[in-house]
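Order as written gives the chain letters A, B, C and D; numbering starts at 1 within each chain.
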Amino acid sequence: MPNNKVIESFAAAVADIPDGSSIMIGGFGGSGGQPTRLMLALRDQGAKNLTIIGNVAGISATTYYGWREGPDDPQPVDQGVFFASGQAGKIICSFPVPGTTNPLSEIEKAWREGKAEVDIVPQGTLIEQIRAAGAGIPAFYTPTGVGTPVAEGKETREFGGRTYLLEHALHADYAFVRAQKADTHGNLQYVGTSRAFSPAMATAANVTIAEVDQIVEPGGIDAESVRTLGAYVNRIVQRESGDPYP
Amino acid sequence: MNPKITTDPAPRLTRTDIARRAALDLPDGGIVNLGIGIPALCSDLLPEGVELRYQAENGILGFSEMDTKLDGDPNIMDAGGNFPKLVPGMAFFDSVESFNLIRGGHIDVTVLGGLQVSGKGDLANWIIPKRGIGSIGGGMDLAANAKRVIVAMEHTTRDNSPKIVNECTFPLTAPECVDEIITDVAVIKVTSDGLVLMEAAPGWSPGDVQAITEPIFAVSDAFTEFRTMKT
Amino acid sequence: MPNNKVIESFAAAVADIPDGSSIMIGGFGGSGGQPTRLMLALRDQGAKNLTIIGNVAGISATTYYGWREGPDDPQPVDQGVFFASGQAGKIICSFPVPGTTNPLSEIEKAWREGKAEVDIVPQGTLIEQIRAAGAGIPAFYTPTGVGTPVAEGKETREFGGRTYLLEHALHADYAFVRAQKADTHGNLQYVGTSRAFSPAMATAANVTIAEVDQIVEPGGIDAESVRTLGAYVNRIVQRESGDPYP
Amino acid sequence: MNPKITTDPAPRLTRTDIARRAALDLPDGGIVNLGIGIPALCSDLLPEGVELRYQAENGILGFSEMDTKLDGDPNIMDAGGNFPKLVPGMAFFDSVESFNLIRGGHIDVTVLGGLQVSGKGDLANWIIPKRGIGSIGGGMDLAANAKRVIVAMEHTTRDNSPKIVNECTFPLTAPECVDEIITDVAVIKVTSDGLVLMEAAPGWSPGDVQAITEPIFAVSDAFTEFRTMKT
């Protein structure tokens, strides 16, 4: 039964990602739930002309948002890494920049230089677009964004006397997700608030790659505790124990 | 348009005062989402005996207190990057469920910051036009869909221009969404007939507040001094 | 903190349900996950002109679908109970009748006599309509039902070269759900395949009433194991231990 | 329209034979949903070494065998009301997730029963018009959205009328959804150019099959005897 999805290294798991790919980055923003090792592996792999899809995208590296600040803790990594490296030309996210501009985040820097298109989406719309892609729903109506710049160029329609926006499903070529535990079928279990965008993203990409602390045999995750079905996961990579990234 | 005034009749209140007053309007046992900035301060300032169940966009419901440590578990955070204390009855979930709660109208109250609020209750709080880039986060979903929206902010900009305006000049977060505005000088209710001044800071008359508020407001029959300032 | 939602009896939990209400019945069909005690309490309460919203609605009583067949096991109850009693005039469901008509199910009997409107909806559309109602989505597009009688009178639209149907959110006045465990905040935990329609229905009704085996203090359900948030649940009733219904 | 024939050239196969042949086309390790009736029989008839991960609409993925007992746990069932054996790697979930899997195109193969299949692959299997009431269940979602749809059914009605027809006269489950038809006399592939006969039961020639099949089919270059009937 050909269900073993374990890949030996992060480098191997991202090796085939071509230029021009769209990449979903799971979690919420900050270190918990971020697939940091997959992100760094893709940075090292060097694919160009990427579109990044995330949530809180570029605020940690300059503000420590969602990262510990102890002296032995690692420097924050955020989705700005793909803009600092010149690999990404576009980001779709809800929270690209922090309140402060001193220092400038990598995404804002790239945007100011005209090197990055930044598509800012309400968080609830973004997660629903991703969920829709995985669920076979091509489009849906939402009240969020009506009467704001988000509505520009979009259809509106009334239902029951309230106005709604038509929003479309958002697919990606690859999704990077981060979980605490995987079984070899690809079933995933998360801890606390680390799941965030990962379960929906896992359903919405052609290839879903999971970065996990621990890989167990089938049965190592209880049938009641699976939060991402193995059906959605194509590749699993286990971190080294003691990895300083959370 | 009101003329700008240059001297205040009495000191304006602090950010903590604003948050304490907003906390007074949070319903005991309610499900509440606090935005970043002044709203986040509310959780430490609840009246005695009141307990809320906070929701945060990143997938947590039911916490009622924050931890102040900086080295908490990064897998158990709120959306502002703070560490909630674990309490019995909490639940963790993903972002789909989190926005089902928000967009589905299951949040009793949200307290949000504001850059501008119009006389109709339009809210602008996500982007400063001259910067050209901003962050929406969960704010638009909360503003458009929470059962009750309280804006907690300073009454004016640093150069004393009104932030409560006839029409927002900044891009909106959501139109006609605000129920109540709590500032460092006033508590103002948004009604279908326009703004109604409910409370003012000690030493501030309705006229003093009106002088730094662009839309003309009515004064409530129940007008009183800022309720948290009374002893 | 006014969060205790425990009601002393099933009769008390349904006492205020008025004539003309719409009632969602959780679970899938069959005994597992069916809020059987709430259903029987509503039958005894007698409210009239009800609209029932369920999934597999009326096949157990005549076919034993989803019920044990041991000599000591109780007779099956299904959603036909409200049609046998003359309380319901309409049902919205995916599976109202079994393959066989001998004996006739209560729903088919009522339908043949012109006493019941039966609105048959594809299961995936039905659960998505219910989920949409709870999630603030007034309408969505689905591929299911295109080119079939389900599409009659509905808008169609193409996205990416495929045709989809516009389907609307489905709310109810009350939802009856069945779980194994509740805490006093209304957080619910389910076992196995018993959850089915219950979690979505809990979000989509004005008043959600949960029938559970056990009520525990907050903390008695782990924060990772909550599958219906207490935010959605208004009333909780505990069954008597040893109840013969599953 | 083909004339009805009244005598068969050889015995038709059994329901078990149909299921065994359908089981041959289920991909090892694949995610499979089996409809009720003949399709449900497949799970006991898989080729040696093949293991599937079955999905059922009521919220279960990963079981690979059924229990035959009648007094199983009613909280652990498949959508047909049968009791699956628990295996490592299974997962339970709600109906929203279950139809995300189905409607989202994550089911590799579904095997469904059929009342009629047209030459274009239209499927009708949920209602007999003269009864006037029927059950859709998960069938429309599966037919419209599974990656591959196999219909397993008898080739004709009891009065020997074709069930494979030019146009379905029964209300559709989904148009142009069927990839393969497996009956008690034939295996027929549905292609964009029409039907192609792949296999026939022992003793049945392509012409014999055509005589009880309304649309004219092509005969594959690889045409062979029903593959599960060879020893």
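Everything that follows uses one rule, which is that a contact is a pair of C-beta atoms (placed from the backbone, for glycine too) under 8 Å apart; a residue touches a chain by one contact, two chains touch by 3 or more.
The shown structure was predicted, so the numbers you read here are calculated from the model rather than taken from an experiment.
Trainee: Return the chains shared as contacts by chain A and chain D, ordered by label.
Mentor: C
Trainee: Any idea whether B-C or C-D has more C-beta pairs in contact?
Mentor: C-D is joined by more C-beta pairs in contact.
Trainee: Could you state the distance in Å from the CA-based centre of chain A to that of chain C?
Mentor: 35
Trainee: I'd like the Å distance between the centres of chain B and chain C, where a centre is the mean of that chain's Cα atoms.
Mentor: Their C-alpha centroids are separated by 38 Å.
Trainee: Could you please state the distance in Å, as a whole number, between where the Cα atoms of chain C are centred and where those of chain D are centred?
Mentor: Distance between chain centres: 29 Å.
Trainee: Find the geometric centre of each of chain B and chain D from their Cα atoms only, then give the gap between the two centres in Å, rounded to an integer.
Mentor: Those two chain centres are 58 Å apart.
Trainee: Quick one: which residues in chain C touch 2 or more of the other chains?
Mentor: Those would be 128, 131, 135-137, 142-143, 191-192, 223-224.
Trainee: Out of chain B, which residues touch more than one other chain, so two or more?
Mentor: Residues 92-93, 99, 102-103, 145 of chain B each touch two or more of the other chains.
Trainee: Indicate which of the five shapes (line, ring, star, complete, other) describes how the chains touch one another.
Mentor: Basically it's none of the tidy shapes, so other.
Trainee: According to the definition of touch, which chains form touching pairs?
Mentor: Touching chain pairs, listed by label, come out as A-B, A-C, A-D, B-C, C-D.
Trainee: Spell out the part of chain C that touches chain A in their complex, as residue ranges.
Mentor: Per the touch definition, chain C meets chain A at residues 128, 132, 135-143, 157, 159-160, 162, 164, 168, 191-192, 223-225.
Trainee: Quick one: which bits of chain C touch chain D in the complex? Just the residue numbers, please.
Mentor: 28-33, 55-56, 59, 65-70, 73, 94-98, 101, 108, 111, 118, 120-125, 127-128, 131, 142-150, 180, 190-200, 227, 246
Trainee: Give every residue of chain B touching chain A within the complex, in rising order.
Mentor: Spelled out, the residues of chain B in touch with chain A are 56-60, 70-79, 81, 92-96, 98-99, 102-103, 122, 131, 133-141, 144-145, 171-175.
Trainee: Quick one: which bits of chain A touch chain D in the complex? Just the residue numbers, please.
Mentor: 1-3, 131, 133-137, 183-185, 187, 203, 217-220, 223-224, 226, 229-232
Trainee: Which residues, counting only chain D, touch chain A once they are in their complex?
Mentor: 28-29, 31, 50-51, 53, 55, 61-62, 86-93, 97, 99-106, 145
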